[in-house]
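Each of the next two complexes has subunit A plus one more chain, namely subunit B in the first and subunit C in the second.
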Partner chain A sequence: MTPTKQAPSAERAPIALDVSSLRKEYRVRGAGRHVTLTAVDDVSFQIRPGETLALVGESGSGKSTIARCVTRLVEPTAGSVHIDGKPIIGISARQLSASYSDLQMVFQDPTSSLDPRMTVAATLDEPLRLHTRLDKEGRRARVAQLLADVELDESYLDRRPRQLSGGQRQRLSIARALAAEPKVILLDEPTASLDVSVRGQIIRLLKRLQVEHGLAYLFISHDLGVVRQMSDRVMVMYLGGIVEQGSTEEVFENPVHPYTKALLSAAPVVEYGREHDRLRLTGEIPSPMKVPAGCRLVGRCPIAEAACALKRPDLMLVTETHAVACPVSAPDAAPVLAVPVP
Partner chain B sequence: MTAPTIGLPRLIRPSRTRLGAAGRSWALWTGASLLALLILTAIVATFWTPYPPTASGVGLLQDAPSLAHPFGTDGLGSDVLSRTMAAAKTDVSITVLVVLMALVVGTVWGSLAGFFGGAFDYITMRILELLNSFPSLLLAVLVIAVAGSGIANVIFVVAVLPLPDYVRLARAEIRSKKEYQFAEAARLVGRGPFGVLFAHLVPNSLRPLLTYASVNASYVASTVGALGFLGLGIQPGSAEWGSMIAQGQDAILSGQWWISGFPGLAIFLLAAAFHLISDAIADLRDQGSAA
Partner chain C sequence: MSAALLEVDGFTGGFENQPGRIDPVLHGVSFSVPAGSSTAIVGESGSGKSITALSIMGLAPGRFRRTAGSIRYAGQDLTAMTEPELRSIRGREISIVFQDARSSLNPVFTVGTQIADVCRTNRGVTRREARKLTLEMLDLVRVPESRRRMDQYPHEFSGGMAQRAMLAMALISQPKLLILDEPTTGLDVTIQADVLDLIVDIKAETGMTTCLITHDLGVVAETCDRVVVMRGGEVKEIGSCEQIINAPTDPYTQQLVADSRMVENR
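Entry: the complex of A and B
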């Protein structure tokens, strides 16, 4: 069974971020012998300008590793990443530094991702010096504009990160990501470290900036409420692999994969549309060094069949925009490499 | 749109909070004033001393402190005050120069080793172990005995002795900080490895290095004195505190304490000044939140 090739995307609207068969393996010493740990297992997805793709899953599922591989903060083992058609993988370190004008990331914890010694002005000036040809005056004007963009007052210019609140720090790191006018921003749990009262503000800010700048977001989160509010499409990850992917509406209203169902059932808020079958998994998420050979969920899955333990299931289309890697839940679906981008 | 712009009340001006408690500490002020006094003395001595410092017979031999010779005179009839002042030039400048050299070289070397690791780091550590396996003063005496005395050799030897400590300290700081997220963020800002290292990691690692540098400065001040005392430092003739102490050592027994006493006090003050400053920097480090 060969998966049908995804439709060639040349004649369609541009793809801002195109990730194909991304793979990250670590060699780990386990019990005296070397074990290969697959943190990200052949993950493919695409994001269009102005679109948000959410990546959800438990901690340890490989969400952050995907973001770090896409930016090459860690080198992926295999796969390709293109921003606006330009490759990120296989280019020199110098070219990669230049590519960061198109590809940016906002980290979970702004307290550790901002240089504690640098003032707000210096933090925002740095990317401008490296990525633009603006002179001193031009950069100063641009810094002021960036602060206005993220709703920070200009009186903060001389402050250092520790003199800012958590929300203000995250605004600053968002402004830093915006400085070089990127096309794609990876948001690695950007609200997880913030007070609940500030989260909504940051989410609204991110949405407004997306509209104004036509940004493509990869939104990594385990907060399903925020994901529902923020994203156009959702990708569910378990132990390094994508188990379900589709429009936010479809995934939340009509989850197909047992893991997705369990994830949604586990969420404390029960107002995700109509009540779907509650589902509880047994046991704990296994160690990434002991991923089952067949379906990753085997052993915890209440609907598993004998065949599940033998072969890793492919993603299969349930609808035009919704794919699931579970032949038991979706027996008639057609296998695909990745869901076509709407 | 209004909420985010409401900041903390500006009770404390940022520039003030940076010095904070250290700005009020007596240790910093005493240390800094002492050092300033000694530097000022060295500067004044280049233009003026009460008597020519190298001239003998400007007074009686081994004359006790008096109005004409506040620090007394030595065995050649030279004015001890003038010689102590002139020696400040030598000792203070050697100390400062040595510490700066060791600090800069050690920081750059250790940072590179800690950041890039690999073979360079391995070789670095083996060199440091080799250097550390010699007793330091013995090494200094050996080198000077072979290469000859003279200011350049003294500076070189005294700077190399503490170098392994600077390298180790810088290396450890960078190794612990290079996984920090702001280092990754700096890469995403577009910095190459050297940019990440020298624009972000090194500035965030300077405090412990500066603390050590000021501790080391007091040690360097006394080592320069010790080498001078052993006759291995500066050529006799030009004034240096350690050699002045040596000149007066026999006279102490017969009661002429001032020939060795005043240059000894000067070495003590220079070492104490750096010690007090290092204490203050260490306090500053405790209350500062580096990350």
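Entry: the complex of A and C
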């Protein structure tokens, strides 16, 4: 079986974020000598305008490293990242800062990602001075519009972050990200620090803004409930590699990979007397310095066969849009290099 | 209903942020924890759930002032006790497990040493017996390779394993009441599920009473039989887990259940 590459379809919307064969290795000292830790192992994905792709995984899965590589907060070891066709990797710092007008970020904790000394007005004015040519009047009008976009009124203009609630701070972070009129927003656990009542409001806000501005979201989260609400497609990661990806519907309703099944069945549900049908993995996630040579889940997997320890499984298509890296779960599926973007 | 092991009655208090002025945070909080129950105190940030739990342990911050009400444990008023009296109950009759286990452990001593210290203080055993007991406790909380792991330092423990170690420490004195303050918040979901299973199993084996403080109704639904809903320093609703999840009567509880369902995995 040879992997087949899908032909790109010309008539579809352009790709907003294109990540290809991304790899990040760290040289670390383990047991007295240098070893290579592969935090992200050959990951590729694409996101279209108006679409949300969720990266799901537990600690050590590599999802945050992908976020840092995509935004070039760390330099990837190999691979390419393109925003709207323009490269992010291998360009100068000056070119990169211009590219940030197309790529913005919203982080988990707005308390630490906002400058405590800057007022709401100053926080929103800064990206406008950096990324637009608006004059003072124009910027003032745009700040008012950004506030309205995130459902805050102008009475907040002179407040500082500590005078805002957690939800209001996250709205401000979102407005700041919108200021540059980006094509892609990277959302790194944007609701993890919020109460459940506020969480719903922020999700609704993000979805509305996505439609209005045609934004592509790369959504990083460990909260499966929020992922299900937010995303069109899901990529499940484990120890630096993709184990399963597909439409949100497919991954949640018909998970194939044992890790995905374990992850989904472990999430608590607000339902009294639920019959527990949990798929359990044995042991703990190994150290990223001791990733098994074959399938990464070997040693914890309830359905592993002898061959699993020998060869790293390829992604294989179970439907046109659903791929899984587990030959035991999907024996008839065909291997692919990349899953076609719907 | 069985007799209440713990009874919080009209508990009211606030923070003395400036001398002589108390900013109220708890307004007449009343609920009971029946013996043998697994009671949850659920609320969002600022609901007063944690300060209530800390007050039960006599561990509320120094600037917290009780202005009215009582907390009775097995008939004794904890709020009227002196520190030495409280110490004879805290960690012996009532134990607590906090959210961030790794910061609850001392980084410069091995995990085994820290558990053994608690054994010697609470059970008055010899050093050798303490080590044996430590091993038994680590096995009880299903820490694999307990003999090797007891000589490791906290930084060598994952979050889930550290929480198991804290649980072991809390269980040494065979407490009648175990307070769990967000015990799985910050853990990965598969690890959270393992720790919750462990708590449920140990409770079934020992028959101890648990009081779980959490913001997560999903965790409540899977582990508790009674629920106290708090908001803004007040108790909004008390009921069986089934009633709170399936037929909440208070508008806030209804909203909380609806919001939790909206963002959950189904």
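Everything that follows uses one rule, which is that the second predicted complex is superposed on the first by the 326 of 342 C-alpha atoms of A that agree within 3 Å, B and C clash if a C-alpha of one lies under 4 Å from a C-alpha of the other, contacts with A are read in each partner's own complex, and residues count from 1 in each chain.
Here is the rule we go by: a contact is a pair of C-beta atoms (placed from the backbone, for glycine too) under 8 Å apart; a residue touches a chain by one contact, two chains touch by 3 or more.
Remember, predicted model here, so these are calculated numbers, not experimental data.
Asker: I'd like to know which partner A:R117 touches here: subunit B for first, subunit C for second, both or neither.
Answerer: first
Asker: Between subunit B (first) and subunit C (second), which, if any, makes contact with A:A262: first, second, both or neither?
Answerer: Second partner only.
Asker: By the touch definition at the top of the document, which applies to A:E58: first (subunit B), second (subunit C), both, or neither?
Answerer: second
Asker: Which of the two partners, first being subunit B and second being subunit C, lies in contact with A:A180: first, second, both, or neither?
Answerer: In the superposition, A:A180 contacts subunit B only.
Asker: For A:V196, select first, second, both or neither according to whether it touches subunit B, subunit C, the two together, or no partner.
Answerer: second
Asker: Hey, which residues of subunit B end up touching subunit A in the complex?
Answerer: 1, 3-5, 7-8, 14, 17, 180-182, 184-193, 199-200, 203-204, 289-291
Asker: Which bits of subunit A are touching subunit C when the two form their complex?
Answerer: Residues 58-59, 166, 191, 195-197, 199-200, 203, 222-229, 252, 262-264, 266-274, 276, 278, 281, 283-285 of subunit A touch subunit C in their complex.
Asker: Which positions of subunit A touch subunit B when the two form their complex?
Answerer: 71, 73, 93-94, 97-98, 100-101, 104-105, 107, 109, 111-117, 126-127, 130-131, 151-153, 155-156, 158-160, 162-163, 165, 167-168, 171, 173, 176-177, 180, 201
Asker: Where on subunit C does subunit A make contact in their complex?
Answerer: So the residues of subunit C in touch with subunit A come to 44-45, 144, 158-161, 188-193, 196, 215-219, 221-222, 241-242, 245-246, 255-257, 259-266.
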